[in-house]
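Each structure below appears as structure tokens.
Both complexes shown next keep chain A, but they swap its partner, so chain B is in the first and chain C is in the second.
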Partner chain A sequence: MKRLLLILSLVVVSGLARGEAALDWTADEVRAVGSHGPWPPAPVRDPSNRISGSPAAAALGRHLFEEPRLSSRQVTCGDCHVAGRDWRDGRARGLGKVELDRRTPSLWNVGYQRWFGWDGAADSLWMQSLRPLLDVREMAGSAPAIARLLREDTALACGYERAFGERPGADDEKLLVDGAKALAAFQQTLVTPRTPFDDFRDALVAGDRAAALRYPVTAQRGLKLFVGRGNCATCHFGPLFTNGEFGDTGIPFFVRPGEVDSGRYGGIARLKASPYNRLGRYSDDVSGVTSTRTRHVEAQHRNFGEFRVPGLRQIGRTGPYMHDGSLATLEDVVKHYSTVSLDRLHSDGVPLVRPLGLTTEESADLLAFLRTLDADTPELPPPPPLCP
Partner chain B sequence: MRPWLTLLAGVISTPAWADCPLDLGHGTGIVVFSDRYMLALRPDPLRIEVGQPFALLMNVCTKRGDPAELVLVDATMPEHKHGMNYAPTIEADGSGRYRVEGLLFHMPGNWEVAFDVRSGGAIQRLTHDFVLK
Partner chain C sequence: MKNIALWVVLLPALLLGPAAARADQEMPIFDAHLHYSHDAWEVVPPQGFIEILRKANIRRALVSSSNNEGTRMLQDVAPLMIVPELRPYRSRGELATWARDPTVIPFVEGLLSRRKYVAIGEFHIYGADADLPNMRRIVELARQHGLFLHSHSDSAAVDRHFEQDPNARVLWAHSGFERPENVRAMLRKYPTLWCDLAFLTAHASNGRVTPGWREAFLEFPDRFLVGTDTFTPERLHYIAEHARWSRQWLSDLPRDVAEKIAFRNGERLFGGPPQ
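What follows is the complex of A and B.
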């Protein structure tokens, strides 16, 4: 017993010598922190995409991701979702043929999302992948051109056959959708590595005080704010740090004088009108189990100006922030939530977003925690050849 | 959930309510009642998770044994005064048993589920609270 106490004392003393300490955590706090893991989750399998999870499909998708011939403008998916820049462009607003109204989101962990796009107008990653392919402001592709490419390019046709188990057929629209499904299969492989937060979370849940000591005390204080008074975890929930839904965070929704971005409200309308949603004939989920959300989602007035709650993994490296890129730095985001105007938010009940009134120290703590959600990511190896 | 199991046991042992088939499978369920109605319900899956769709299996009864109908199911967070982002649908099997599909609680906290039931003319609303952590 004396020896155990001595070892524990040495662990604590050596931690303190490095400026480290383990805060006291209540059972409720441990449960709340534990809910943000474990990480990584099981690989994504989307029943609406019959090639989801297939290495051959991911290889085809990787080639298509960097393929300028998908676009009449000779641009690629990777021009905006840049591999070496955390799969985003770093701009406040995306740039296609013209400047767009929303920010290009990072693709890290995108396969785990339930709704896609800032307004959730897509209910699958393959449906979302169709949008920039066909949008005249972005890649301005077309079903006949993309189908012809998949049929006539020897390497892509071979890659298609390996992924789908058949030669590219004559149906242009089916080939367009299959191309998007291959793109989705590739994007589903983009999963962030474990972070310092994950190590602390596991140590806290396991009661491993020595391992918990390695997590900076400022980040611990920030984490307590995050799951406690800050109320951040209500929306930034679970291992992905998002509840997968939508919220109004007090960012103005005017995109130009007299013109607003309706956000989720318009997204639901576009989702329901699209032939490519999970209720349509292109979904491969014959059970219909994964279409429950699409069947039951219903636009409500409060959806106006709501945007998807983003996950927070890699958050320190994927600015600028908010759906319109209007906040340049993570410091700006913390300041926004510290001082947000309740007048703008129009809540009848206790508002989910309310000014936190953080002190300088609290803001620094929250930032310290958020930055522990970042991980160094390995360089992506060159794409494997589609066919030898 | 445990207090409701206790309540369920109490309800089952009450002879006047014995005609309402409360066993919804898996030997568990929740009972909600008023002076006139009794509802038995069980989530499917049994454990409700934040952000995950679920259904409710329900029996709707009156204490006098009259036919009763489930008219509407909806859920709100009273603290924040907002509802779900999804509109549930009700499927009846014709014998007082229902399956309510398309419920989804998108945040942790207290969710109040409202059940509008009718036997004869007037609709009565019963409620039950689910607390998600």
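What follows is the complex of A and C.
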């Protein structure tokens, strides 16, 4: 009698006429679906960033995001993380001065992450924001140039003062980090709207049959697969549809002959070696509580070739897929997990990833569900002047 | 005076530190868990594989490959470095099906009739499946040909190997992913059981050997071997990093114990390089 009831189990005649139906959902399934919400979560605050959550900081960050003078190549953050394209560039691999080895990820919901970048080489969003600023293949900026800009540009200096409560100082490195903290404060505001899935999830949890009926039955079948036999929710769990960690999903990680992308393994080494991590002097978290993970994380053999488990909100709109953009469409992704080669997976314990062997109908159902994680997003109006 | 005392303590370390570190980097390795399978040959040709070993100062290595052609190619290039192991798989994906596949034994017997091997493995078998006819036949063939069994298995399967042949010589892949106290119990129980440490990280943290494993290494210094486990072609590029990591934690053990685990045990069991 584990089967839950009949709040939602009956096919409703009026619903049938419109092609609508509610499937049977067991108590366990309702619990599993419920764990993917509610949405949206509370706004994020990062104790390592003293201006996190401040509107003035987000405003400064927004301006900096579109500021070409941060880069010696006159490119902006927004050239790759394009506002009208779900904050990514749509390319298989990012394009800086040269083609990069990884895909430009979307910035939606980025503030809720625990580790940043495909390899988790950053433990805060401001630390992550420093990487493309300084990377010679990308923006190729420098601390002196960025500090000079913040000090000498009247509008930016004013925006800085409003965000930080003081005029830009003489320490170039500190100003570089502060610029990254403003960028982080802006990116933390990029939260996706509610989706058809969220409405269904809330209806299911509340036992609201009429509202649940509005969710397509194909998506319901796909959702059952997602939380059930597909085992997808083991890694893609919670409201963000990610465990925030890293995995080897059977995608090759050679980047060119004789060279591999070591993924999380190299990411941990870079994180530990960086002066900008949460253990360093630029963190504003005086309690040190948020640095615990950084202190204890240690590379393991399995991390070699692991990449971040991405969240799935807006997934239908943010292809191509995987860390290297090697799968062009969402259909390709479902096919990958349906047919993934055991040759590529280690047999240590029960593997999380295994070929699902989905039928054509099951694949279509899973895709239908995944597409209900997409939402139309309002256009971002141009930023108001920092100091009118 | 306090400063002088400090220098008395520090100076030898400062002088010897770099030398000790160099010595550790130079310590040879016998890698007891390498694969060079069908999908690796094109991306890393045999000569490239051997170069990787040489640069990492891996003196000899126990190598298997699905479908065994990779092992043959490596032997052709560097016969003195490669210790050949017969893998009962034609593709690596057979690890979940081989024990019930009637075509596996003829494949293995055919290879044994044509080439010399030192071990059969690495094969994957768990619990009561170790009593399946294919596994029993593999144990029998190992006895007939004087080969080690390289078994990726739980302790229940290892028990069955020894029930079938009390004189079997078993190299337990990944030490069964068991806790160190269980590994020690198995080593006490079976004098011809050895353990490889491939894909394990629990025995070392930040360059130090962890409690539990330290006791295991000190009680059984002759029974452990290191190994990388190159289960995908990309991992061939992890061999050198793994050797570096291994030397780091081995340096936390007494030198004689470290050397045994690093290379002496492998060379004693499977033969060393020519003198």
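As a working rule, the second predicted complex is superposed on the first by the 377 of 388 C-alpha atoms of A that agree within 3 Å, B and C clash if a C-alpha of one lies under 4 Å from a C-alpha of the other, contacts with A are read in each partner's own complex, and residues count from 1 in each chain.
Just so we're on the same page, contacts are C-beta pairs under 8 Å (C-beta built on N, C-alpha and C of every residue); 3 or more make two chains touch, one makes a residue touch a chain.
Just so it is clear, the model here is predicted, and its values are computed rather than measured.
Once the two complexes are overlaid on the shared chain, A:R85 sits clear of chain B and of chain C alike. Touch criterion met: A:G244 reaches chain B, while chain C stays clear of it. In the superposition on chain A, A:F253 makes contact with chain C only, while chain B stays out of contact range. In the overlay built on the shared chain, the residue A:R31 is in contact with chain B alone; chain C does not reach it.
Using the contact criterion defined above for the overlaid structures, shared-chain residue A:L352 touches chain B, although it does not reach chain C.
In the overlay built on the shared chain, the residue A:S341 is in contact with chain C alone; chain B does not reach it.
Contacts of A:Q300 after superposition on the shared chain: both chain B and chain C are touched. Residues 298, 300, 302, 347-349 of chain A contact both chain B in one complex and chain C in the other. Across the complex, chain A meets chain B through its residues 31-32, 35, 114, 233-235, 237-238, 243-246, 292-293, 295-298, 300, 302-303, 347-352. Residues 50-51, 53, 77-83, 85-89, 101-102, 104, 106-109, 133 of chain B are the ones that touch chain A when the two sit in their complex.
Put simply, chain A touches chain C in their complex at residues 252-254, 257-260, 262, 265, 298, 300-302, 304-305, 341-344, 346-349.
Those residues of chain C that touch chain A in the complex are listed here as 37, 39, 43-44, 48, 91-93, 95-96, 124, 152, 174, 177, 199-201, 205-206, 229, 231-235, 237-238, 241-242.
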